[in-house]
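Common to both upcoming complexes is subunit A, partnered first by subunit B, then by subunit C.
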Partner chain A sequence: MFSWSTIVENLPYLLQATRFTLLVSGLGMGLGLVMGIVLCVARLSPIRWISRIAALYVSFFRGVPLLVQLLLAYYFLPSVGIDIPPLWAAVCSIGLCAAAYIAEILRGALIAVPHGQAEAAAALGMHPFTIWKRILIPQALKISMPSLVNELIMLVKVSSLVSAVGIVELTRMSQSISAATFRPLEIYIAAAAIYLVINLALAGLGQALEKRLDY
Partner chain B sequence: MDIDLFVQYGPILLCGLLNTVLCWIVGAAGGVALGFVIAVAMYYGPRPLRYVLRGYIEVIRGTPFLIQLFILYYGGPNIGLRLDPVPAGILGLIIYGSPYYAEIFRAGLQAVPRGMIEAGRAMAMSEGTILRRITLPILMVSSVPPLTNFSIILTKETAILSIVTVPELLYQVQTMSAETFAYMEAMFALALFYWGFVEVISWAGRKLELKTNAFLSKELSA
Partner chain C sequence: MTSENASSVEITALGKYYNSFHALKNINLSIPAGKVTCLIGPSGSGKSTLLRCINFLEEYQEGAVEIDGQVIGLESVGGRKMSARRLREMRRSIGMVFQQFNLWPHMTAQQNVAEALVQVQGLSKAEAARKAAAALQKVGLGDKTESFPNRLSGGQQQRVAIARAVAMEPKLMLFDEPTSALDPELVGEVLTVIKDLASEGMTMVIVTHEMGFAAHVADQVAFLEAGELVSCAPPAEIFRNPSDARIKAFLETYHARNQF
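For the complex of A and B:
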């Protein structure tokens, strides 16, 4: 009853679409990291209204389901005359949402760096920029590494949602194939297996990275 | 924005909201129950069972919720499992949530102070009594914050159920916008609604946490 041949025949198509899953989640992570750092700095800013805006951003993007955010971007961008390919709109949506989570991860990590170290550095006359570069960021990065890898794994999983706005990545491709072959069980299990392999690999990579950063 | 639209579609939207809340509450409660059973089985069960459950946890946590729903809803009929959208959505949420809840309970079980269990044994309590009178009460209290936290995350996952035609809030809003072409307004209003909804639940969760925290400190210092 379980048709292995369906999986074997369609595996090349699934793997081809997997590239877009990796592309969307990878670019989303990149954008999320950049925006997340900016947001985190804004959140910790002593100027009240800047930190308020950053907090509002984090609360909105963490409070609204990503699928709703994706649909919002999908309808919103054309309605204000911004005409960018759907793939980029999806990457931006995922990145904007990831930024909110990453900002909180980084904030938690920065708070976890003992306060005395930054004070000691300031007492030694280090420039604030040097303090960030030499003391705060290296340690915060190490503390936040497991959470950041987790976030990347989350992104690979939520990238399946961009199928809803018509981007042909792994999930969308398996939808088309199962519609064409009438074998949804086999195809979706194959897709699940591919996602699982990617995420287990990322988790393993994260552990190796953690060991290297362990000094 | 057209207010009449929301009046006209009020009943449908309300029905969608009820479905969202229903799926969330039943899904979260079922997930907590299943997660609890898994955690207890992993803690007390034999080694082979532990490996099987560990595999289950890794597989469910390593795959997207959407794919799990597709397997359940579209793949299910292939093996004789035919479900209506709402039961399929609820079952999907239970399965998706269970490993996360199981991990919370597992961490909670490991955090029960060993000395308390040893003290129970020294008092000649049976293992069952120790579980009922010592381990479970402490576990229940210490797990409340992470449990509420994940349950809040689960509210947002209910939006994904719209893709497998569960008539929840997002699905109804999409139906409405397809009939009225008011995509932008409807989606924007929906985003604001979810935002408020999640904020209110988080606020309630923090209140609950404060209450149980006070209880926990009393419990442990007594």
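For the complex of A and C:
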């Protein structure tokens, strides 16, 4: 018998844990976006060693599983005397990893921006920094909006990995409640529904944003 | 030759290479202040390359381009590259209009024009917006200030691009085939705007395939072929009495193509 009451009774706990899912993926995305922009600009820098470092960064963070990165951050940082709460270690891990993907997404989009765009700005005497900030990055963000929303949705799902460093987010909470109630089916269906609602909302938000950015 | 709001350009022994390809060969050309110079010649002859050397969008390897006596791009003739900052300063007084307009698609017409006024000249947003609106008014687009480029016709886009350059109050304007990407019926409106600007006494260098326009508006016409400056003379001489067989041949092909 499917027990609706199990879901109703435990919903507050699930929602409580969902806050961490949102927090980790949301902050991770914010950090990833800022770092990703910096990394992408570095990757395209004419100065060789800067672009090499950025390329190395991308290779590492894309090449090592996020779970391993999380565990590394969790065990490594304290061992060198850096004592940050697990939540922040998790946000940083997710953000640093997302940055590698976002940098590549933006790099692809920047290649699609015609060369004449920056040239027109340079001919007016604009500073390279201003050209990046006002001309190139806004256009790259628009072009890559669908991929960025996709990345954010990935992060929401991937955030379940942070339970490995002791953060009780939605997936971890579902496991605990299932074990306590012996009602895994109901609980996991509820968790799946919550993930689905979040990601449908994000997809909708992304579409609205794309429309707004349309010119 | 320097007047208050118009620059003169002196090109001496200019040489430009794309790797091993010799794109410009020993170009010597005087562009007097306040005058219109048209660059003509066959496709691939180096017109765009020469024009782009004038604001150092293309680096050159030999000789120099001097604007009001100042070498652009290099610290001195044959010297090291000048600082990026100094180059930006020089570019502030050189406007450029491209064949493909190169408007910024994420900004309205007015924002396109105002952007450099704020970011380069340091005007307040309000002052820049006012100046941008005036510049758009001047090119006949006073009612399109809020339109994004992709909602404008090619001719209108090119006029926004001209307004964007002119709003900076340049002393020198460079045009690279400003009407080549336009449908024939839109060419006239853009040429009219350029003609009006010319009558204001700004120095202009115009790469064009519109021979009628060049004959009408130019003070001098420079003919390039295969990276060489074949001749620079008043339009009457170039078009009616060309001294060089290469110019004759070029004009004949042009007329043949435009006959029907």
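Basically, the second predicted complex is superposed on the first by the 215 of 215 C-alpha atoms of A that agree within 3 Å, B and C clash if a C-alpha of one lies under 4 Å from a C-alpha of the other, contacts with A are read in each partner's own complex, and residues count from 1 in each chain.
To be clear about the criterion, a residue touches a chain if its C-beta (ideal position, glycine included) is under 8 Å from a C-beta of that chain, and two chains touch if they have at least 3 such contacts.
This structure is a prediction, so every number in the text was calculated from the model and none was measured.
Subunit A has more of its residues touched by B than by the other of subunit B and subunit C. By the touch criterion defined above, A:Ile47 reaches neither subunit B nor subunit C. Of the two partner chains, subunit B is the only one that A:Ser178 touches; subunit C does not reach it.
When both complexes are overlaid on chain A, the residue A:Ala120 reaches subunit C alone and has no touch with subunit B. In the superposition on chain A, A:Ile135 makes contact with subunit C only, while subunit B stays out of contact range.
Comparing the two complexes, no residue of subunit A contacts subunit B in one case and subunit C in the other. Put simply, subunit B touches subunit A in their complex at residues 58-59, 62-68, 70-71, 74-76, 78-79, 156-160, 162-163, 170, 174, 183-184, 187-188, 190-191, 194-195, 197-199, 202.
Note for the complex: subunit A touches subunit B at residues 1, 59-60, 62-69, 71-72, 75-76, 79, 153, 157-161, 163-164, 171, 174-175, 178, 183-186, 188-189, 191-192, 195-196, 199-200. Here subunit C touches subunit A in the complex through residues 55, 57, 84, 88-92, 94-96, 98, 100, 102-106, 115-116, 119-120, 148-150, 161, 164-165, 168, going by the rule given at the top. On the subunit A side of its complex with subunit C, the touching residues are 114, 116-117, 119-128, 130, 134-135, 138-139, 142, 213, 215.
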